[in-house]
Amino acid sequence: MSGSNQQVDAAVLAIDDLRLDVGAGETAVRILDGVGLSCAAGEIVGLVGESGSGKSMTLRAAVGLAPKGARLTGSVRVAGRELVGAGRREVLRVRREVAAMIFQDPRAHVNPYQRIGAFVADGLRRTRGWSRTRAAQQVVSLLDEVGLPDPETLADRYPHELSGGMLQRVMIASALSTEPRLLLADEATTALDVTTQAEIMGLLRRLREERGLAIVFVTHDLDLAAASCDRIHVMQSGVVVEQGRALDVFERPEHPYTRKLLDAMPSRLDAEAPTPIGGAA
Amino acid sequence: MSILTVEGLSKSYDHGRVKAVTDVSFELAQGGSLGVVGESGSGKTTLSRLITGIEQADAGRIVVAGTELEARTSRRARHERAGIMQMVFQDPYQSLDPRQTPEEAIDEIITLHGGLRGAARTARRREVLDQVDLPERARRALPRELSGGQRQRVAIARALAASPRLLLLDEATSALDVSVQAQILRLLARIRADTGVAIVFVSHDLEVVRSITEELIVMFRGEVVESGETSRVLRDPQHPYTRLLLSSVPRPGWDPDQVSRDRRTFLRQLA
Amino acid sequence: MTLPTTETRSTHLLTRRSWLAIRHRGNALTLAAVIALGVLVLVAILAPVIAPYDPNQVSLIDALQPPSAAHLLGTDEAGRDVLSRVIWGARISLLGPLGVVLGSTLIGVTVGVLSAWRGGWVDATASRFVEILFAFPGVLLAILIVAVFGPGLASTVVALAVAYIPYMARTTRSVALAERQTPYIRALELQGMSAWRITSLHLVPNIAPFVLAQATLCFGYAMIDLAGLSFLGFGVQPPEADWGAMVAAGQAALIQGSPAPALAPGVVIVIAVVSFSLLGEGIAERVRRTSA
């Protein structure tokens, strides 16, 4: 796979020494503390951690979605454009042209009264000023690309008629509509069944190959990250405590926190459930 | 003797058009542990709602400790059943009264089911809260001041306060961080060893079920497609759906495309 | 299955903080309302101590005097000190609405919780009853009751308490319905705990803040309605000092060029009603925020 840490120039996303503080005075909280991360074209980078580790916040900072009143220092470069300290216009341009994001709960991120086709066409019509008919053709090919069956009829349906897995594919199609180079996935398979999760992961890997997408995949599931990503960053309380090739981190974890996290994976919990006191009431 | 017997249980919605649970049968011995595994739409949630009595089955019987569950339950019947079977739900925050501290919540259950008061109640309360390792300070805090793991400990303690012989856990660790989930699973294993309580663990997560149960049923579209000893089923799955489920669990070297192909083949064979 | 993450939690915190900044003005208004109402209650309690004159001391020689050092708000057409009457009037003018709110809350909460809990025909019957009451104008109902039982504070309070039941019942029913669906109530039911115990010990305490907000709003409305009824002559009877009755009695003086006897109680009514509304909104906002 492409991309070690040194290839910062080739990186579509390069985060360096990112700090994020919220609040002021005594109530100030440091959410991110010196986070570094890079993701090159054609690479899937996993960002793994538990609640409060700052993994989602890192992802949000990469598209200028840091919370209001937060103070950012350090550097976030998306396709060479610096976002820390950048104006609203610049951030919007990055979101329109370079980076797209998908979320854990696709249902919460669609307009329930908008047809699937119109939803996916939205980005095309707004960012490129395409006509309805021209966008509609592109929508069908996008829906087809993400593996949705019968895209013509699907475009006329409403979100509530689709399963969670199908809706997540729609979200991916919508994200692809602006031809991004970077895809940010925030727990994008967490709410899905395992078999559906496998399908979405297969799709993301295919998009990485075919489109050369750089994908940052945020998850709490180390097994999933190890199975799907090229490199992994493990975060704890706003700090990247360990990073490396996925298999190395998985098989030879160096940081105690990574080890603790791995030991907690249910697949590694000792299966010997203690023999209960039989028949005792 | 079995603590829970389910025979030919069926439940459908929308005038029979949606079959949520079809002809499900199993038996759980005293002190045993049973995992119920399935994806969304498998009927595992409906099954758990039927067993708890939140919903009534269309057909079949549920026998808890020798007593059959009646279709229309009186308060007395619910009370008696609660003395034998207790539940722990997925969302520990919403299943606690936001205005009640753990100590108060547990006192209430102890009085309701054991009739204990005064010093005897205090002693029993201490015992159950010790059983779930709830820190002293958390015992007098309100639910919103507790962490997710602490809340789930309280929910488990509250269930134990009724001295049940059967514990039904419905996705009880799904909302927790992995490290907290691991703690709760270890805690449950210890409680089983200490009290001999039988458990039914409903989950979407094969790995979690592997770590906590000795027997397993796998559900798909309302039916039990495979059942048996947990370790055997997971080591040597017989039904294609169980195999598909197992191959879907991500691990290094995993090929999601292969899983997708297997899934499509499996679904095509069904049709 | 949704994993709660601290990321989302911390953004909540942030939005809440900026919320507070925006809501700061709202808080100041609520605080002002609390202070105003506190002063009014204090005035009502301390009336015997702080009122400069006996509110019912008639002195026809002193009738309709303009405000002066001796009579800060002047005197009315019977020569009574307006300030003293406003001060003493606080007692009845606050007690009346209190009675209305207590009565309607007690019955309204009972009806609301009962229909939310039992559902079915109980809910259907209670809802019809509430709808009929809604359709019937409160003031008309009050006039009917006064016509039967005769004018006076007691009958108007009872009449308005009945008229206000639907407001309390409807609010209570909707929040109780939502609360009834929560897993913790379900869990207690599954324990075999009695409905009475669950509702009185768990459900009602948890919806109490909503009820309080609604009751506070009703307090302000009840005050206006009572003053209106007094003004029309159905409520408090002269010479008893009551703000509504004082506004009515002050009309004559108004025509003769002495606005103080009508204006002073009128202004106090406005201050009190606005304060209750602000406080009610303030409580409702707080409840929304903490339960969100």
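Residue numbering begins at 1 within each chain, and the chains themselves are lettered A, B and C in the order written.
Basically, a residue touches a chain if its C-beta (ideal position, glycine included) is under 8 Å from a C-beta of that chain, and two chains touch if they have at least 3 such contacts.
Being a predicted model, the structure only gives us computed values, none of them experimental.
Colleague: Provide the labels of all chains in contact with chain A and in contact with chain C.
Modeller: Expected: B.
Colleague: Report the chain whose CA-based centre is farthest from the CA-based centre of chain B.
Modeller: Of all the other chains, the one whose centre lies farthest from chain B is C.
Colleague: In terms of C-beta pairs in contact, which two chains are most connected?
Modeller: A-B
Colleague: Let me have the rounded angstrom distance from the C-alpha centre of chain A over to the C-alpha centre of chain C, please.
Modeller: Centres of chain A and chain C (C-alpha means) sit 52 Å apart.
Colleague: So the centre of each chain is just the mean of its C-alpha atoms; given that, what is the distance between chain A and chain B in Å?
Modeller: 32
Colleague: Distance from the CA centroid of chain B to that of chain C, rounded to the nearest Å?
Modeller: Taking the average C-alpha coordinate of chain B and of chain C, the gap between them is 48 Å.
Colleague: Where in chain A do residues touch at least two different other chains?
Modeller: Each of 51, 220 in chain A touches at least two other chains.
Colleague: Counting only residues that touch at least two other chains, what does the list for chain C look like?
Modeller: As it turns out, chain C has residues touching two or more other chains at 1-4.
Colleague: At which residue positions does chain B touch at least two other chains?
Modeller: Residues 148, 177, 204.
Colleague: Can you list the chain B residues touching chain C in their complex?
Modeller: Residue positions touching the partner: 52-54, 75-83, 87, 89-91, 94-100, 108-109, 112-113, 148, 162, 171, 174-175, 177, 204.
Colleague: Can you name the residues of chain C that touch chain B in the complex?
Modeller: The touching residues are 1-4, 182-184, 186-195, 201-202, 205-206.
Colleague: Can you tell me which positions in chain A touch chain B when the two form their complex?
Modeller: Interface residues on the chain A side: 50-51, 164, 193-199, 201-202, 205-206, 220-224, 226-228, 246-247, 250-251, 260-261, 263-267, 269-271, 273-281.
Colleague: Across the complex, what residues on chain B touch chain A?
Modeller: Within the complex, chain B contacts chain A at residues 1, 30-33, 39-40, 148, 165, 177-179, 181-182, 185-186, 189-190, 192-193, 195-198, 204-208, 210-214, 230-231, 244-245, 248-254, 256-257, 259-260, 263.
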